[in-house]
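Shown next, in structure tokens, is the structure this report addresses.
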Amino acid sequence: PKMTVDEFYCKGCGLCIEACPKNVLALADRLNAQGYHPAECIDQENCTACTMCYVACPDGAITIEK
Amino acid sequence: PKMTVDEFYCKGCGLCIEACPKNVLALADRLNAQGYHPAECIDQENCTACTMCYVACPDGAITIEK
Amino acid sequence: MKTVARRPQGLTDVRLTYCPGCLHGVAHRLIGEAMEELGIIQRTIGIAPVGCAVFAYNFFNCDMIQVPHGRAPAVATGMKRSRPECVVFTYQGDGDLAAIGTAETVHAANRNEKIAVFFINNAVYGMTGGQMAPTTLPGMKATTAPYGRDVEDTGFPMRVCELLSTLELPYYIERVSLLSPKEIIKAKKAVKKALTYQKEGKGFTFVEMISTCPTNWGMDPLKSRDWARENMLPIFPLGLFKDRGKADGEKKG
Amino acid sequence: MKTVARRPQGLTDVRLTYCPGCLHGVAHRLIGEAMEELGIIQRTIGIAPVGCAVFAYNFFNCDMIQVPHGRAPAVATGMKRSRPECVVFTYQGDGDLAAIGTAETVHAANRNEKIAVFFINNAVYGMTGGQMAPTTLPGMKATTAPYGRDVEDTGFPMRVCELLSTLELPYYIERVSLLSPKEIIKAKKAVKKALTYQKEGKGFTFVEMISTCPTNWGMDPLKSRDWARENMLPIFPLGLFKDRGKADGEKKG
Amino acid sequence: MAEKILMKGNEAVAEAAIRAGCRHYFAYPITPQSELIEYMAKAMPKVGGTFLQAESEVAAINMVLGAAACGVRVMTSSSSPGISLKQEGISYIAASRLPAVIVNVQRGGPGLGNIAPMQCDYFQATRGGGHGDYYTPVLAPCSVQEFADMAPEAFMIAEKYRTPVLIFADGMLGQMMEPVVFEDEYPPPADSSAWALGCREDSGRERHIINSLFIDPYELKEKTEILFKVYDEIKKNEVRYEMYNVDAKPKILAVAAGTTARVVKSAIDDLKEDGMEVGLIRPITLWPFPYEAIAAAAKNVESVITFELSMGQMEQDVRLAVAGTCPTSFVGKAGGVVFTPMEMSGILREAFKS
Amino acid sequence: MAEKILMKGNEAVAEAAIRAGCRHYFAYPITPQSELIEYMAKAMPKVGGTFLQAESEVAAINMVLGAAACGVRVMTSSSSPGISLKQEGISYIAASRLPAVIVNVQRGGPGLGNIAPMQCDYFQATRGGGHGDYYTPVLAPCSVQEFADMAPEAFMIAEKYRTPVLIFADGMLGQMMEPVVFEDEYPPPADSSAWALGCREDSGRERHIINSLFIDPYELKEKTEILFKVYDEIKKNEVRYEMYNVDAKPKILAVAAGTTARVVKSAIDDLKEDGMEVGLIRPITLWPFPYEAIAAAAKNVESVITFELSMGQMEQDVRLAVAGTCPTSFVGKAGGVVFTPMEMSGILREAFKS
Amino acid sequence: MKIRILCAGFGGQGALLIGKLVAQAGMMEGKHVTWLPSYGPEMRGGTANVMTVISDKPVGSPIFTRIDVLVALNQPSLEKFLPQVVKGGVVVANASLCKETEAPEGVKIVMVPLTSIAEEVGDVKVTNMVALGALLGYSHCVKPETIEEDLRHMMQKKNPALLSLNLAAIQKGMEFK
Amino acid sequence: MKIRILCAGFGGQGALLIGKLVAQAGMMEGKHVTWLPSYGPEMRGGTANVMTVISDKPVGSPIFTRIDVLVALNQPSLEKFLPQVVKGGVVVANASLCKETEAPEGVKIVMVPLTSIAEEVGDVKVTNMVALGALLGYSHCVKPETIEEDLRHMMQKKNPALLSLNLAAIQKGMEFK
């Protein structure tokens, strides 16, 4: 499975991180254009494509593939 | 008992007549200043001062004494 | 010989401008009686709506104001909050209170403003010549519902007591009718209770009175009362919807 | 590899202007998903309120209009009655829908207008900087309730679903929350049902969504969701208030 | 020629609107316009149109906003207090560049006032009673026939320039009956497909957005300047007025609109018999106002008198037009008391003396 | 001398109103006036006053009507769209002869527009945006200090003439901070016992009635004429304006109100250095408008230029004042874009060239 | 030629219809006509009246304060409007409800027992038609034929019985001398 | 003398307070001052900025398009406003968040690691105070003593700890060369 965050939309609110049962998400150190730390998947292997992060995301920034 | 209708207020709607359990009320033949046939008590003796006519009157035209 | 019943002091000696047999007059008398009996005429402010009762400022023997269509509860709010020592009541028709005034009615009730609202439901816009009201009955004809009210198109009659009863704080809500001496005597109790709670500064009190409009219904006064009983009461059931005074009482007792 | 979840076509590719973690975004996505799944994007008209969602005309991928504060249900009425072939929805906040828009909300519901109303309840006026809303909780601080909402003075939080449920005709009324993935999945069902009924031309459908306002509540997104769960849900119980579709179904079956 | 029908103004304008293809009407009852809403209630269902009594004037104008945004011919009507409640909505409709027709059957004001005919909402009508930089074309009929004819005319102007248009009537015009003739054909609604909201499944067009929020001042500035370019067009093309006895070298020029102008005309005829010549300019569009026509006529008279059923509102436009070239005066009546022909003649005779 | 405090205009006017004895305030939030309502929310409870956030602007103005009818000092505030919604209520308050103060912290319009400072509600404010024959005095501040000072002043005018009074501010005045000094004492509210509603148990007075319905045209006519007699008094006593550099024999007269006038002043100083004299008349009361002062000044200049943050509204009053005695022109800005001093100087230098 | 006709009576007496039929007839005869009723809440219980103008020239004001022809169906109307009747004017008063009143000089008052005649004809409801007849008899504002034609056009099909009743009433009114 | 100061940064960085303290001090020194923040929904996540004018003469417009002193707490602010700085103008930029930028001619850019200094002092929250210090160091719009007096007046009682923290931050800002 592949979880990707579109930095353009992400505001680093962290709701996806809280939502992930596998704890494979984290905020990046870098800032995006809007000055937010975007979320990213730090461990794609363990992503189960359960889409919980997608469901939680207020900004439609997440894509899940498998 | 004495039931009196103040012609000034009476509009001849007849609601008091319907309300009277003793049927002692009727509309007069004459017209009052507003062109209505005012109600009047045609048989004061049999009036029991039950005030039903007063209660029914929308125009506050009725006085009951006993 | 002593007087057992006479025109109450709560009314002026001006002749009412309502049509013959219109029950607005009965509602007026009940409020006038209650004000007299409670001895509050001198400290009551009444608010006349826009509707056939617009001239009520000539009829109630207390301080009066005539206000924009539907806004009486807002005006009453401004008054009660600047003159808390006064009893403030509004007198409103169904168009005034349940159509254009919906927001003001709902929010005054929700704030539990310490005002009395007397709501005369005659299922029509009387003053303007018989247009459809939010309370007009299904199939009932009105000048703006010439083919009879089609509920599919214009909705079902609004039941204001039921609506307001879902709010947390309103203090007293009851629906009564003015269609016979018996009912009028019941209505009187409700009117007096509403004003008594105001005298005691309790909260929002609301009395809906099922009334008639002989003129726009095109019926004589007697017929219109029967018609209202047969057609309005089934849709607007009479009864007590809320009485926190009672509740409080029970708690105490 | 196939895509199992992505930004729905019901949303444009414009970045939302909401604050980080604001659940307006979730509500937007659910509506966007439902429009896509029902294939109605091309025949839906959305109505943006005045509130933080005023910019919604940039976000929903259907025809959109931005209208006066609180009047969305009236505008929707005018639209649906001139374009019956369209699905019409309004998206409104608590100030917009439950304060200034009270009359328009109640009467659109009472007429059972064939429109969907999405009501985002965040217990505050977000856009204007955190003033008290009709839904603000007892004791909750707001810029216009600096000492906390005093129920005695300003009333109890308005429960709109409960209020509208007393009306005869509204077709579907439900309250959901957006405070966790689980709740969001439930909310999605409600949103989709509301729009499905529109597609089928059933009647008035109303979905209240318990949301958050991290910025004006002064909490981070996570904390604000917890706060809402603890404080809002007890006063705004989730659940189905009316579903005439179901009722009809039962009758049939 | 089509037959004459004796009709109330309120009914005639409604009938004309329907004949002109108006199929959507939203309003709230108020005297003295109620016959209009009642006529619509009866007639709309017969032509498959939409009639809806709104819960208030505020709701009504917003229903109009919604229908207008969908590109259909839509009308609302009310009387003075109700029109005040519509001001926010009218400002939005103007800002959103939507066509709609609003009829004001004026009554006496301010406040609840009374239901007698007046012209005291002139400022509100011609100066944008709502907030912001905008105007609405205002048509002022003087007879039941003209009242009726203005319905289709108002729709055409509204659609041509995408603006709300006001018809400025009064209780007398609404209540009185006069013979009316309706056209057999009225121009069809303009094509709104380029901007209207609706279903795009077939056309597959881009999505449409209707909006009046322009948070960036420079953007709002630009939008406003575009709006005012449209207003310049309207001023160029749509000024309407009637001249009466102006070519008779009058000593006095009278300016009056609506029913008031009718009374002036009788007075003019009356004075003519005694060799006293008075001219009349009757503005038919109150906005755009016939400034040039009045300015030109003012050059050849000794004074200009404005007659209004108000304490003086249009007289400001007259003074703006005359701009000091000759003395101006104003004769008004408040409260809904109307001018009688006799009285009017008297006033003009007086004016001749001085 | 009392201490200077750095304050936002929205807060300063609220504080001044409270110090002036205003104890009743009803309003609905809207940018850019929200600091005003928020300040009242904080401060009123501390002085035992009434603060209530109404469910809408319509409700707010009617709460004001109620409190005013009870004879207490009452204020409401809003911004453009909200003021439009208050028009019916304002017309009733004027017709009912009640004192009240209404603050409009203007934003960009029409429609939802934006929240930038503008002066485009001028017509609505000065021409009775509501229905019927009425006016309201309009005070236009140009600084935070003046904004604050106008609260007590507005109450005094409102009570003296029993009329609603408008304070005509804008988003910039509402949002900016400047030093303010408050008086230690403000005149107390006028005695309203002769007409106000309330408890009469002690006084035993006759009952009072407040009403704006006069169904008989002759009665409404009489009431209106009385109202306009009051307006004549106001015109006689309350016209306020500021003159700047008018005695320097200026070649050009500028007319500007509110914050726009400040920018004109800097420009005037700027041009003075180069020996170009421009005079300024800043109307402080927009109604009654300083027609005479401008007419007089216009006689001694070559042209008059009106500056406004709008597409041109006050400029009509200026033309009415000048009445053709010299050429007039108008420079406006729409959308909430404001004049910069540089730009303003440029415009005036241009004017000198021609 | 310009005739100002005022018809007044109690609410239900149908004064407005008299004016309307006259105006309609005037229109059919190619005249300029206006018809303006009293309106609004005054209606409540009060008296209804209508002003009708029939003229060769366009009508300036539909409102007038001087009356050429007055039809008074009841006493209050007679009292209220008689003073406004001009010299040479005609007044048709309902003798059944109005007291004998002396005419101002130059004014002709015709007392017609409208209500009773209507009852004779068969229905008090046609009181206004009797009045219309009398009006046509004493003032020549419009041709009786035109009125009849108009009524036939309106009622022939819908309600022939009512038509003949109305025509009879008008006839009786015209015949009354 | 007239100085136009613009302070800008991310929402939470406290740019508005810098302007307010300067305006307050200017007022205490008897100058004419105006303070105008950006307001409204743009705040949402965006950058906040405030225009402050300090002048001997009454201030015409509180809005200006030419800047004498710019305090940029972040990169976007620096980029947005640098072009408006006049010849002879000073720019205090937050080196911790801004890239080295070449100055337009006649403009002096001082890169100060405001955030890091604030952290050294003990709290990133005082980044704006460090900036204020730097501002006072490079522009002489108001006297440091006035600012200190004002701060003491505001915090002495309520929160002495915060006071000394702020003063320390300002000091560090001023000392930075």
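The first chain written gets the first letter, and so on, giving A, B, C, D, E, F, G and H; residue counts start at 1 in each chain.
The rule is simple: a residue touches a chain if its C-beta (ideal position, glycine included) is under 8 Å from a C-beta of that chain, and two chains touch if they have at least 3 such contacts.
Just so we're clear, the structure is a prediction, and the values are computed from it rather than from any experiment.
Set against the Cα centre of chain C, the chain with the most distant centre is H.
With A-D and C-F as the two chain pairs, more C-beta contacts join C-F. With centres taken as mean Cα positions, chain G sits 35 Å from chain E. Chain G and chain H, compared by their mean Cα positions, are separated by 87 Å. The centroid of the Cα atoms in chain B and the matching centroid in chain C are 26 Å apart.
For the pair chain A and chain B, the distance between C-alpha centroids works out to 84 Å. Contact with two or more other chains is made by residues 11, 34 of chain A. Within chain H, residues 40-41, 45 each touch two or more of the remaining chains. In chain F, the residues that touch at least two other chains are 31, 52, 55-56, 58, 81, 88, 92, 96, 112, 115, 211-213, 215.
Touching chain F in their complex are the following residues of chain C: 42-43, 45, 54-55, 57-58, 61-68, 71, 74-83, 85-86, 103-104, 107.
Interface residues of chain E, counted against chain C in their complex, comprise 28-31, 34, 37-38, 41-42, 45, 51-53, 55-57, 81, 112. Per the touch definition, chain C reaches chain E in the complex via residues 50, 54, 66, 68-70, 95, 99-100, 102, 125, 127-129, 131-132, 134, 143-147, 153-154.
Contact residues of chain E toward chain F in the complex are 58, 80-81, 83-85, 87-88, 91-92, 94-96, 106, 108-116, 118, 120-121, 123-124, 127-134, 211-225, 228, 310-311, 313, 316, 319-320, 323-325, 333-337.
Put simply, chain H touches chain F in their complex at residues 20, 23-24, 27, 33-37, 39-41, 57-66.
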